[in-house]
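In what comes next, chain A is part of two complexes: it sits with chain B in the first one and with chain C in the second one.
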Partner chain A sequence: MEPHYQHLYDILAHSQGYIFPNEIDLQWGILIVVYPFITGLVAGAFILASLERVFKVRILKPTYQIALLTALSFLLVATMPLISHLSQPQRAYEIMITPHSSSAMAIFGFVYLWYLMVVLLLEIWFDYRHSMVVWANEKTGVMKWVYKILTLGVNDITPRALNWDRKLGYIITVIGIPSAFILHGYVGFIFGSIKANPWWSTPLMPIIFLFSAMVSGIALVLLVYMIISYFRKKAIEVNVLDAIGKYLFFVLILDFTLEGLDQIQRIYEAEESFEIIKLLVSSKLYLTLFVSQGLIGTIIPLTALAFLQFYKYQIKVRKTMYFITGILVLIGVYSMRWNVVIGGQLFSKSFAGFTSFKVGLIGLDGTLMAAFWLVLPIGILAFLLWLLPPWKMVKEED
Partner chain B sequence: MSQSTSTMGNEKVKTSRRKFLKNASVLAAATVGYSWLKSSQFLLHAAEPEDKSLPWYGVVIDIQKCIGCGNCASACKKENDVPVEPFFFRTWVEQYTVKNDGSVNIISPNGGIDGFKQTVPDEDIFKSFFVPKMCNHCAKSPCTQVCPVGATYISPEGVVLIDEKYCIGCRYCVQACPYGCRFIHPVKKVANKCTLCYHRLKKGLAPACMEVCPTGARMYGNLRDKDSAIVEYLKEHTTQVLRPNLNTGSKLYYNALSSEVR
Partner chain C sequence: MKFYLPPQIPRLAIAFGIFISLFLVLRHFLVPDTFGEYGHYRAASMIDNAKPELHYAGQDACFKCHQDIQDKKSQDVHVDIHCESCHGPGEKHVISSKVGDIFRPSGSREVCGKCHALYVGKVKSTIAQVDLAKHNIGKNCIECHNPHQPWEMKK
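Entry: the complex of A and B
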């Protein structure tokens, strides 16, 4: 017996019932859990930013640039878990060069590039162009050149030009909202379109992914705003938290309703896969579904947010509650991704048994790698906030 | 008069030009639309090959004939360089045992290569039978549909194949196959599956699993040839495919398939 296969023998020893022999090993591990989680954060953060811009929710102004830069930081990393998970990563470019038109996965590269190049980068550029021109004039040395390059040589800051920046930025945000919906709805479709897997195959999947994305993105921006204020030693505007909290509350209700609807439909229809799925959620997924996603990630945050809507607690209490709620919601959404991706592979397509899954610590598909892809965007965000500080932007009169 | 004629003449030219442009653009749009539809297999999934002169292969497995010797699974591994470890199979044999209480016991130790040992006591057994499994070579195969680069495809003869030099190892096809017939080759690091021994078919030889079957439980043949043995068999027997509700266009027909089998 080669040591290479030892872990497979271990899994085989822990499998229950009957599974097809090729199903011992899980095909998609923790990296594919991280991938929709990161993509969801991007879509959610962007949608929060567009609330301010398109729907003129002025109170969210302090979080606007933060949300955009957060979205960009995570978007830059979004493909990495996918690529590092391929067994032939050196061929990844084939998806872009020879995409297969009937594959949901093949379209990802294009949706991604559209979103990165046309939506996020352009919007941020139009937003920061005025400031970058001013910074390029103020700074000396290397930074002067960095900002000069970033302006792409468009140095016109006459009121007419700035007006154009605003107009074009607005148009891009309007295009950006459906784009963000497509970006994450599409991720849901990757799973929802697999008819072989009854745990995934539901037309609600893209919508569920979208709403959980909004939940996680809003929670992330809430946390990032609080943490940035802490590091900048600036007072957190509790009105801003209240406003974000209100949106988080509503979106979380919608998300909870949709996921509940999905499960009720499953239970009521009780198709041929029902028995195995019932066993799955009551055993293998019990902790991550009922405790982590349901209780910690949904019920507790919903209760806390509901109380925050009706009672005006002291500012310090409110801040603490928002902070903890944000963290719990992120844990919940991460668990949801886990339950979908890992849960969908734990039961056999023979509907007669389970394989088991143990995450390794090291290796390309291990916990450390997944943690790295989750921490890297935070590093990128810190860099972007240093390069393009929203609080130092040149003020424009509306 | 002459002026009016010339005006009429001008108008005529104009109308015909407009008509020409209109027709041309409709034709162009139709061509583009058709070629787009043609490439978009999710709309028009090729259920029939383009080249009608080639055979269109299907497989029949007679469950009543299978004795569970596992020769097929063993021969397949040798013929196709499949790792011997019990996690990688292009074909395998399952033993179904329906108990008197209605519960079903399914086993496939090492894919059936080492034979079977009945673990259910005789007095508890309602019925027991063997089910050989392999790729269903679906005409509307969900695995080829999802491949992001088109590395897996249906050959003109209806055999589902993989281009190993092209597969990026994303494993989406493994997820999409409802029958558990695909795996990632641990050495080649690309998707792997039954090719119906395409290399043998091309030489007029039978797939390895069928060559070695002592009871002739497996049969392959040209579904297009109405005089072929397989078509004759399908005419005379009541056969069924696995998971017909999924509409995969499976071309693996089982004779005497029990409803417990998935």
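Entry: the complex of A and C
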């Protein structure tokens, strides 16, 4: 066959029905799936920390710093999938230096910066300042200087100054809660505001993203807490797990209900796009939506958590159930991100055809790259836990 | 009560001041010279965008020489199909006028069938469709139809 047509045949081979030329290849691949997953973990972990601080849920105290450091480690990596997805990553900073109010991504840069600089770093700084001053005096050599620099030279640990640490930290947390909501609501907004795409365009999108973010963040902190306790050879406080599990249960119910409402609305409205969406979820998204997101990520964890609320199993059983539930929830939320990001690009805007997506292993847009950005924050978290160990903090009187 | 300024506040203010100043200094050097000359973009990017080699010439360039084809096309259903849709990029041929520099489709069932094979997803009223398994088997489309004027059947 003539080469001019051979190319056309090759690309048409992985599409079905009628499809516009610019829809054949997916523009947003696996890295754009990883990106809202990571920001969700950040927002969720932070909201769990805020529960302890603002609403004074004392039982969550052992997870407070862990949640904050988890949020920070993932936030430091959050934009990396986006930047490595760009074909010109060296230009990524440009949205920050020449922002425009019409660019949702440029404004997002500032939402992100606000959250990193004003909320997370400040809250951690206020929380750790006392301990860092003490560590700076105790340590010798390089570490002494590291802690000295981290205190920014504020060595005042009189009760008055420490009291201000608490007050200012509290104010930051109060500001932080809406900031965390905005950070992840914004990610949902970026999808929900794409009016040409019926799978994305719903005002519920920011709220759904937010609640699934809380679900994933809480599950992650639960896992991190258990893993840290394992490595430190300390007994896991099972009532802490019960408390986290209770919040996870409630938030998961809310998340499930909201996503259900979104689908019911869509099914009942049955707009002109409904036929293609029905085909989409029953074929290409069947495994990731019904099996992975619905059954593995929602129904099974919900059932397990419900049983854990009503029956007091043996401690060992409870721990195992929480651990498995945490993993399943993370798989479910990851699948939700996949279904939104990839699902929204699989059908043609003509509503008469599909393309297909096969994720590559290597390359800037491949699975290994995505895995790297998911593993890196765990490394950063390990480093932060070594630098700022919550269990070695100076105890303060309440 | 004496006013008390917590020592954290001035130090953080300095730290943020340094960060913001650093950002502004970097911004000063990083924003390209021609940014904002015409709009919210780098004006010199237009020069960059003009650099890539042209491949397509556009059908007006074709009709400057091929007036006869234009006449044929304008009378039939392929009037809106631009020349380069089937003949491929034509800039090289426009410059050289060599026959070898333009692609000439064979007019086979495979080629025409790309648009005209029976397919449920396509709108029949706008794109004529034939069942290739039944329609004049063994013949190439071009033997009866003139691709530039499909309904002016060849004898």
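Everything that follows uses one rule, which is that the second predicted complex is superposed on the first by the 387 of 398 C-alpha atoms of A that agree within 3 Å, B and C clash if a C-alpha of one lies under 4 Å from a C-alpha of the other, contacts with A are read in each partner's own complex, and residues count from 1 in each chain.
FYI, a contact is a pair of C-beta atoms (placed from the backbone, for glycine too) under 8 Å apart; a residue touches a chain by one contact, two chains touch by 3 or more.
Source: prediction; values computed, not measured.
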Query raised in the report: For A:Q88, is the partner it touches chain B (first), chain C (second), both, or none of the two (neither)?
Result: first
Query raised in the report: Which partner does A:A382 contact after superposing on A: first (chain B), second (chain C), both, neither?
Result: neither
Query raised in the report: Given the superposition on chain A, which partner contacts more residues in chain A: chain B or chain C?
Result: B
Query raised in the report: In the superposed arrangement, which partner chain does A:H100 touch: chain B (first), chain C (second), both, or neither?
Result: both
Report task. Based on the superposed arrangement, let me know which partner A:I331 touches: chain B (first), chain C (second), both, or neither? Result -> neither
Requested in this report: Return first, second, both or neither, reflecting whether A:L168 touches chain B, chain C, both chains, or no partner chain.
Outcome: second
Report task. Examine A:Y18 and indicate which partner it touches, taking first as chain B and second as chain C; both and neither are also allowed. Result -> both
Query raised in the report: After lining up the shared chain so the two structures overlap, which partner does A:R160 touch, if you call chain B first and chain C second: first, second, both or neither?
Result: second
Query - chain B versus chain C as contact partner of A:F351, first or second or both or neither - result: first
Report task. Figure out whether A:V134 sits in contact with chain B (first) or chain C (second), or with both, or with neither. Result -> neither
Query raised in the report: Hey, what residues of chain A end up touching chain B and chain C alike?
Result: 1-2, 4-5, 8, 17-18, 94, 98, 100, 352-353
Query raised in the report: In the complex of these two chains, what residues of chain C are touching chain A?
Result: 4, 6-9, 11-12, 15-16, 19, 26-27, 30-31, 35, 40, 88, 103, 105-106, 110-111, 114, 121-122
Requested in this report: Would you tell me which residues of chain A are touching chain B in their complex?
Outcome: 1-2, 4-5, 8, 12, 17-25, 27-28, 82, 85-89, 91-92, 94-95, 98-106, 108, 190, 193-197, 345, 348-353
Report task. Could you pull out which chain B residues touch chain A in their complex? Result -> 39-42, 85-89, 92, 94, 104-108, 111, 133, 142, 145-150, 166-172, 174-184, 186, 189-190, 246, 262
Report summary line: In the complex, the residues of chain A that touch chain C are 1-2, 4-5, 8-9, 16-18, 93-94, 97-98, 100, 117, 122, 126, 129, 152-154, 156, 160-161, 164-165, 168, 352-353
